[in-house]
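In what follows, subunit A forms one complex with subunit B and a second complex with subunit C.
Let's turn to the complex of A and B:
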């Protein structure tokens, strides 16, 4: 465990070394929140409710979804396939660490910095600067649990996709394809309530909605009882377990097929 | 002063070498092209979903917004095809590899950008042309000579704005090394360039017109073509902003290459 903690600390330090980067990330996110406010104000055009969602709820949902997006955008599949293609993956495989564990600790260092610099300030901006009503209670700790599960689901999908680096050299192509699929099927850009009924039904059977909708709904949906929250967490946990196992199986299989230049 | 013909010849020489190397990875080209098309479709899909719930956005209809979207994709195309190397600048700076661009008897920005041509972005261009055509047919746009000339002139100006913004933000790497957040900011701003600027009011209307000039990337030009009666003086600023931002970005890049102290290795 100590070895993984060292990796975590080092990655957090590397990430925090570039202060200006964080400043721009934070400012940028604040601008996106403002743009979202204007755009959706215009979409609502004075209507109280659209698809069962009030403007306040939609705006809060989208602003937080944007922060979760930045939080979870960790380029796992990008880094993995780059190292597979260059052959550097061999060094990682030789380390006395579990490869997935190594990646998780490395990425968590990155995510921890992003959480402090992006997610938390964005949440504060939405609640205090825009005065959005967010119920405070048991939903706060449960949202953090849900966010952790979102991280595991998102990480496992990235890790699963990163394995494709063993079979193809197309890092960018795979990465963007995955991003588009995750973003459009998870409701990160437009709340799922806006999707046509049939599409929404189908999406409920896929893991992507568990990444964005789950933690944000737990946080912002005041009408959600404790039972419903636990049910959401249960579904997330089930997806997380399935995807972690799938990612491990894929890696075990693919890394046996590793061919490295001159290796 | 080297001539334009000389630089054109050099450009094709460098680019053809790059393409030869990329031809090794045919699967990459196809996978990336599919990814690019999916990315374009995502923007289209978002509009389609939105207009399920609303009849118009700030008075603009679905087909008009598709036209705006097409225009914004066309405007970003030159930046993504020819200037794609902006994304690697921070890695070259971080590792120190950028030093080699100092040793060639060529304009540095020219040499650096010519080292990569993003052929997969041609699919974005093709996608944009198709939806521009379909939306302008359903909107009944009359493509007479003045309109075509206006479209071309505005596209060139809007492209220069996008190129300027990307070069400007990536050049920050010369001072702060990790320019990703800045670069990513402008690329994500582009996603909002496809909405009517009239959704913004007051202070932020001014910000998105003059400070972060995304209004010129698609809205003001499209307004001049689709609703000439409503178009104001802003559209005339498009070429001015295009030329000005590109010149500014070149100056900053030039300053940056002089200010960068290398990594010492």
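Let's turn to the complex of A and C:
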């Protein structure tokens, strides 16, 4: 464990060295929140409730969803395919560490930096600058647990897709496809409540909604009891377990196809 | 018992036959045509503890592929390999703790961090105790004179400096075997000899088994007591380097720039040499490249100085160079039976 912590610390150290990166992430996200405000203000056009959601809830949900998106966007599959194409994957395989463990530790270093630069400021902007009502209580620590599970689910999906790089040597197209699927089916772009009933039901059986809906609902839905929160966390944990196992199995198989380019 | 043992080791790749041009690229989208490339084609190896063994061969001979199977990154298509009691591919994450690897074209150091930080990370992930770490660091500072480099970020190092740091990193956790894949590629003469010296000293100090690849005969000459010559994925020679160098170390390539000569320089020089050095038709001509013509001189039979002064008196060359024998020439001579 300590060995992985070392990798995590190194990654965080590298990430923190790039100050402009943080500044622009922060700025970009703030701009997005403002745009979301105006866009949905006009969609609501004076109406109080749409699809059972008030403007305040929709706006809070979407701006936080985008913050979670930026937080979790770590380009895992892109990084993997780059290292496969350049052949640098050899270096990773030669470390006396579990490959997926190595990747998680490395990526977490970036996510930790992003959390300070993105998640926290966005939360503060939504609550204080826009004066949105967010209940403060047990939901805060539970939301953090939920976010951690979101990270694991999202990472495993990325890692699964990244394994395709061992076969195709280029994952740009696959990566874009994955991104679109995840964003639209998870309710990160439009709240799931706005989808037709049948589709919404179907989506509840997929892992994608567990990435965005879960932590944000726990944080913002004041009507959610402790039982409902734990149930949400349980479903997330189940998805996380399934996907981690799938990702490990995929890697065990795919890494046999390594060809190692460039000498 | 040998520390590295391989029998009938082979690696076959399925390679796409790409069609030419943009139109070809479009057609490749729909119909594909593969061929099988035998990068390594049945190699037997047996390496003892503490040996320095050099793999040499021209580009694309299968040296690096062999190394990658030995370090467990590639799975062999056929044959068996056992290194230090491990099947490298199957038990990779356990096995790699006891080996060190330097890949000439890549770095295992953290690009954005100072060198010393990379060493500290490696110390942690190999669970090296403080005493061994300090001892090795001291040894490296003394041998490599890299003391001043440690505070610099890896991306600011020159290729030679980076290579020395990479070699130090590979030796840091006291591995039993070190694999060096083209450790001198792209380095200038001075750094190259430094790399050789350092590797040799570490082998003496620590008794580490060393397997290296190179396409530079000089690397082998300085380092390895045993060489393994590979071409086309097959073993051409496996034996003492003295014997190999006894044959090829005596050859020199005389490169002549013939742009000022009239007529066919190949014909004129060949005739003049045959006349002046009647022993077996004189020094042989090598390849021609642009205005350059090679003459391969076996110093056992002809004095290099005699051949050179004869040619310079007889013809006027724009430029003249004396070089070591090229790998391609070595391979050609082996096929012609030079080592038999």
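Points to keep in mind about this one:
Just so it is clear, the second predicted complex is superposed on the first by the 260 of 263 C-alpha atoms of A that agree within 3 Å, B and C clash if a C-alpha of one lies under 4 Å from a C-alpha of the other, contacts with A are read in each partner's own complex, and residues count from 1 in each chain.
By definition in this document, contacts are C-beta pairs under 8 Å (C-beta built on N, C-alpha and C of every residue); 3 or more make two chains touch, one makes a residue touch a chain.
Here the structure is a predicted model, which means the values were calculated and not measured.
Legend: residue contacts after superposition of the two complexes on their common chain; A:50 is shown touching subunit B, with no touch to subunit C.
Touch criterion met: A:256 reaches subunit C, while subunit B stays clear of it. Touch criterion met: A:2 reaches subunit C, while subunit B stays clear of it. Contact with subunit B, but none with subunit C, is seen for A:21 once the two complexes are overlaid on the shared chain. Shared-chain residue A:93: touches subunit C; no touch with subunit B. When the two complexes are overlaid on their common chain A, residue A:42 makes contact with subunit B while staying clear of subunit C.
In the superposed pair of complexes, A:31 makes contact with subunit B only, with no contact to subunit C. The partner of subunit A that touches more of its residues, comparing subunit B with subunit C, is B. Applying the stated touch rule to the two superposed structures, the subunit B and subunit C interfaces on subunit A have no residue in common. Listed in rising order, the residues of subunit A touching subunit B in the complex are 18, 20-22, 24-25, 27-28, 31-32, 34-35, 38-39, 41-43, 45, 50-51, 168-170, 172-177, 180-181, 183-184, 189-190, 194-196.
Note for the complex: subunit A touches subunit C at residues 2-3, 6-7, 10, 13-14, 17, 87-88, 90-91, 93-99, 256, 258-260, 262-263.
Touching subunit A in their complex are the following residues of subunit B: 25, 27-28, 30-36, 38-39, 41-42, 45-46, 49-50, 52-54, 57-58, 120, 172, 176-182, 184-185, 188-189, 192, 195-196, 198-201, 204, 208, 212. Touching subunit A in their complex are the following residues of subunit C: 13, 64, 68, 71-75, 92-94, 96-97, 101, 103-108, 110, 112-113, 117, 121, 124-127, 181-182.
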